[in-house]
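Given below, in the form of structure tokens, are the structures.
First subunit A sits with subunit B, and in the next complex the same chain sits with subunit C.
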Partner chain A sequence: MALALELGAQALQMLLVLALAPLMLGISRKIKARLLRRMGPPTWQPYLDIWKLLHKEAVLAHNASWLYRTAPYLLFATTWVAAALVPTYAINLTFSWTADLIAIVALLATGRFALALAGMDVGTAFGGIGASREMMIASLAEPAMLLVVFSVALIAGTTQLSAMASLFIHGSVGLRVSLGLAMFAFIFVAIAENARIPVDNPATHLELTMVHEAMVLEYSGRHLAVIEFAAGLKLLLYFSLLACLFVPFGMVTGDKNLDAVLTGLMTYLGKIILLAVLLPIGETCVAKMRVFRYPIFLGSAFAASALAVFLLFVSRSF
Partner chain B sequence: MHNIGFDVAHLLAGSMLALSFVLLYQDRITAVLNVFALQAIALSLSVAWQAYIQEAPHLLITAVIALVLKGFVIPTALHRIVRRLGIHRQIDEVIGAGPTMLFGLGLVALSILLVLPVGQNVSLLAREDLAFALAVILLGLLMMITRYNAVTQIIGFMSLENGLVLAATGAKGMPLVVEISVAFSVLIAFIVFGIFVFRIRERFDTVDVGALDQFRGERRDQT
Partner chain C sequence: MTLAALQIPAGIPAFAGLWCVAALLAIAAAGVLIGRWSWGYAPIYGACLIVSLAGLASAFWYLWAGLPPETLSLPVGLPGVGSRFRIDPLAAFFLLVANLGGAIASLYALGYGRHEKSPLRVLPFYPAYLAGMNLVVLSDDAVSFLIAWEFMSLSSWALVVSNHRAEENIRAGYVYLLMASIGTLTLVLAFGVLAGVSGDYSFASIRAQHPDAFAASLVFLLALIGAGSKAGLVPLHIWLPLAHPAAPSHVSALMSGVMTKIAIYGFIRIVFDLVGAPAWWWSLIVLGLGGATAVLGVLYAVMQQDLKRLLAYSTVENVGIVFIGLGLGLAFRASNMPVLAALAITAALLHVFNHSLFKSLLFFGAGAVVHATGERNMEKLGGLIHRLPRTAVAFLVGCAAISALPPLNGFVSEWLTFQAILVGPELPQWGLRFIIPAVGAMLALSAALAAACFVKAYGIVFLGRPRSGAAEAAHETDSLSLAAMFIPAALCFALGILPGAAIDFIAPVVQGLAGGRLPMQLGEAWMQNWTSLVPIGSGRSSYNGLLIFGFLLASGLLTALGVHRLATRATRRSDIWDCGYPDPTPAAQYSSSSFAMPIRRVFGATMFHVRDAVDMPRPGETRAGRFRVRVVDPAWHWFYGPATRAVWRTSETMNGLQFLSIRRYLSLVFATLVLLLLVVAAWR
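Then we have the complex of A and B:
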């Protein structure tokens, strides 16, 4: 019985991220539209889009290989697993021992690898340029992300997300400038990885500057639906990671009774909706930067996270 | 180890170091001036906190001097000068922001590696303050050598001086610290007058110090 409850809690988390992912896209698009003084589509529009795309015919290029057809599912699967592993409303779920921060970074990198291959598969110019730019961004963002992981792991003494969150909830780490720097670097990396505005414009089509959209330009039908869903899941994953690492309050730590779970769910929803509102506000305040500025943008994230690691070494007595 | 006194000192000194990196990253003069003012405010908070935990009220004077002079007076004066010189344009740097920051990270690592073995038998707080101060000093030097513009070179010098004050206050029982701080402030006023010298040199139509090299007949490699 206890095992069934534990499995149920884990299954709830897996379905929760699946259900919330399009909502995050919807909220941020709506807020963005309102900030630009447009009405914007309704908040649930991404659900309708995915539903519509799932029922449309998938058009394939003549020279598309099996890689082109399987890549969207691989991307979706890795992103879903990664998103379901990040603690959302509770820690110490059944599979939380697998929720290693480095494993999550690796899962996301696998998905990106598949998508970049698929972008080059058909052999169009846009797909190739998108894939090469995506790889450039990844090669700059991943060192920064790994340094963020190291700095957080040095403070917590573990790379397991559940253990980190429980340590940070109890507030025994004190006041750390390293955590602030790591959060700063993490937000920069998250913006770059999710193709948001200073780096890439998620609402663009047929522009020379697009990155993510250029890779998926050839996709249609159910493949496109799955890719869009994965993009939403990735955004939600970064939101949950931010909430779990830097504001882990309100999560269920001990017994999973109904009250605790409801409180955990409510605080989690509040946190991610707040982030989904803040993201478009930040996006509206800045202009998209040139491709040649990316190394400086992500380099500052790298510098901040490296500084965070260095500061930890100073305050540690050898 | 996790007492609040240490944590707050760590936070303030660490944010000073982070602001040094922001200074290196910025390439607009007005933004550089604003970040410098922020760093001075962080310095004065840090010194005030040292005054509180070391129970040394004379450090408060240093904090007030840092806050008023470097947090408000000098940035405002420099803003006016910049506006009068009409140089709201981009700063040209010797090397780009990316390599500069990598080099700066190397300098931070160097200063930490230097201070950690030296200060084995002093308190953790003093050792850490020394490491941060040395890093801020080195980053200020780096900023001075990577910029062509006279105003940002002065900012680099003053952020270096922020590091010196941080080092002086981090060491316990430094009675002459007020005098040292005042002396450095006078020095800064002197540097500010240096800008007027550059204003006189407006016949070059620039405050790019590269023009001086050309005037003296020294050739600089055109990058």
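Then we have the complex of A and C:
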């Protein structure tokens, strides 16, 4: 019975991320539209978009290979598994020890690898430019992300997300210089990884500055629906990660009784909706960068997280 | 499992390795005789395959049964001294790597070797090369070690220049020979210092005497140069990307996948075993060089247009990762932390094994591509996923594994290295505390760049549209070569999913090197933690390849099922859209150099002396525009260029000494004598 309850809690998390992912896109699009003095589509529009795309015919180029057709599912699977392994409303779920934070970052890299290859499959200039830039951004963002992982892992003495959250939740760690630097770097990385302004613009088409959208330009129908869904999941994953690492308060730590779970769910929902509101506000305040300014943007994230790690190697009390 | 339980007498398989060496040498002799015939390749490679499998089985058995070390003296070699051989867990592990690589390379060559144009230049040397690598690992005295080492170098050199008509191969062979000589020279010096004045070159007596701190450090530095030059440590790597691609592909696979590992074995044998207790600052040097090697190796790899050269540079990167693990192991060992040392050394050894698997696989794939199209230049390839569908699958597995992507094996060893880095603050030395986070950053950078590099390699070669007629007319390779590719691919999966088994398997090797071991991964409680990989403690870190694989499979299938249930299955084939402006010429695709361009822009100017030269015809001119990129390996620029110039200048100045009168020569001799006497006097 206890096992069934534990498995149920894990399954709830898997379904929760699935259900909430398009909502995050919807909220941030709505807020963005309001900030630009437009009405904007309804908040649930991403659900409708995905439904619509699912019922459209998929158009494949003549020379599209099996890789092109399977890559969306691989991307979705890796993103979903990664998102379901990040603690959302509760820590120490049944499978939380399956993968630590390094493995979660690497799972996202697997999805990116698949999608970048799919972008090159048909052999177009747009697919190539997207894949090439995506890998360039990843090669700058991933080391920064891993250094963020290092810094929080050095503070917590573990790379397990649940163990980190359970340590941070008690507030005994307190405010740290290194945590601040790590959070700064994490936000930069999250912006780059999710293809948001100022690194990439999820709303553009037909611009030479675009990265992610260029890579998936040839996709249509159900494949595109899966890719869009995965993009939403990835955004939610980064929101959950930010919430879990830096504001873990309100998560279920002990028994999973109904009250605790409801409180956990409500606080989680509050945290991620707040982040979904803050994201477009930040985006509206800055302008899109030129491609070759990314190294400066991500380099500052890298430098900040490297500084955090150095400080922690010097003394654990930073 | 004990021996007694199986009723097998100990000692039978211990020296099967030496019999294998003898058999391989006999095959080499046979290669001289039958190499001229067109069918000659089949018996030679078949025999190599069988002998390698026997060697593999004996090494596996040795480790599995946990046999004790055994020594053997043979009255061959130097008169009065003979030569000694020994098998211990470390040797058995590297025999395993060498013979596994040898077996799959021989299997591959059974198919691929048919196309060899001048078989007599390959067939005798190939078994000799395998024998040399086995012999290095088995040797138990400095003389036979060095002879075997040199034998391995020379036989591989012969294979590198087997296609001697290409100008660049001759140059590659020359550079290789030069660097190998320097490496062997430093190893000779290292053993000279180790043996000291007693002159007993057997490893047992070297182990027994403890050199003082200065001599030990000298040996360490010499071994680092000697073994590092063979393994491809920056800046001693320059021969590697020239020589590895020049050989036939199965030999390239062996050189990259196995011979660099034998070099690492040499380093481990000298530094971890023979010298005795390490000083902590050694690890500083190893970590610095390893980190630099990892980053620079993969950065050059991204820039390459030649598929096999890209793979060779990626070998440099992976050697760097192994050396990072070894450096951490040295650091923990010097500070008496056996369990943490065991973690770092496990990571390094696991990466040794993993790299030998996926690099062999990738070179086999490259060989299939080269054979099918006659092109190594990626700018002329493309779309091969349709022409070589099975090779494309195997190559994809190799690319994903080498890019350290879960759930494959490359990720496991990098994950373990990261875990070893994260326990770095336990070390008391400040120097190490500063360098370890920097090395961690370099490792993270190289892992991310490796993914970019292999997206490029796979995307340009196998995806897109064919960029030349040769790529369009390509055809799938033979089934034996394919089998040789799918075996390592399957092992990449197996090791990624059940890394705990491999870690338990190499635990005795690690125990000998680190003085400690990791907790049993698949112990009695293996059902309780569901085969998770738990290097230190369950509260600290864990990774479960099996569950990750299961989750990925389940969620992928679930998604596919859901989509197919909910969505329409209507699919239409049409022309490329490309935002409404499709260009039918394949030249409009992204090319290899354009894919690398952003990374070249970011890292290139400072690190590679990249020169972009654009020659654009003026309006009205009808000639074609030209774009030329020149990427120079900075090792040539900073290290070898000045060295060559210094040698040149010195010899120019010394030239004057050649035409002196007898009077001056005599006075020179006299001056030298006086000087030497003064030195001796001062010494006393």
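Couple of notes before you dig in:
Convention: the second predicted complex is superposed on the first by the 314 of 318 C-alpha atoms of A that agree within 3 Å, B and C clash if a C-alpha of one lies under 4 Å from a C-alpha of the other, contacts with A are read in each partner's own complex, and residues count from 1 in each chain.
As a working rule, contacts are C-beta pairs under 8 Å (C-beta built on N, C-alpha and C of every residue); 3 or more make two chains touch, one makes a residue touch a chain.
For clarity, every value in this text was computed on a predicted model and none was experimentally measured.
By the touch criterion stated above, A:313 is placed in contact with subunit B and with subunit C alike. In the superposition on chain A, contact of A:13 is made with neither subunit B nor subunit C.
Of the two partner chains placed around the shared chain by superposition, subunit C is the only one that A:150 touches, whereas subunit B remains out of contact. Of the two partner chains placed by superposition, A:201 touches none, neither subunit B nor subunit C. When the two structures are aligned on the shared chain, A:92 is found in touch with neither subunit B nor subunit C.
Of the two partner chains placed around the shared chain by superposition, subunit C is the only one that A:122 touches, whereas subunit B remains out of contact.
Of the two partner chains placed around the shared chain by superposition, subunit B is the only one that A:300 touches, whereas subunit C remains out of contact. Of the two partner chains placed around the shared chain by superposition, subunit B is the only one that A:177 touches, whereas subunit C remains out of contact.
On subunit A, the surface patch touched by subunit B in one complex and by subunit C in the other comprises residues 295, 302, 306, 310, 313-314.
Within the complex formed with subunit A, the subunit C residues making contact are 382-383, 385-386, 396, 400, 403-406, 411, 415, 418-419, 421-422, 424-425, 433-434, 436-438, 440-441, 444-445, 447-449, 451-452, 455-456, 458-460, 463-465, 529, 532, 538-544, 547-548, 551-553, 555-556, 559-560, 563, 566-568, 570-579, 582-583, 586, 588-590, 594-599, 601-602. Here subunit B touches subunit A in the complex through residues 1-2, 4, 6-8, 10-11, 14-15, 17-18, 21, 25, 96-98, 101-102, 104-105, 108-109, 112, 116, 124, 127-128, 131-132, going by the rule given at the top.
Subunit A contributes residues 54-67, 73-74, 76-78, 80-81, 84, 95, 97-100, 102-103, 106-107, 109-110, 112-113, 116-117, 119-129, 131-133, 135-136, 138-143, 146-147, 150, 153-154, 157-160, 163, 205-206, 217-218, 221-222, 225-226, 291-292, 295, 302, 306, 309-310, 312-314, 316 to its touches with subunit C in the complex.
Residues 172-178, 180-181, 295-296, 299-300, 302-304, 306-307, 310-311, 313-315, 317-318 of subunit A are the ones that touch subunit B when the two sit in their complex.
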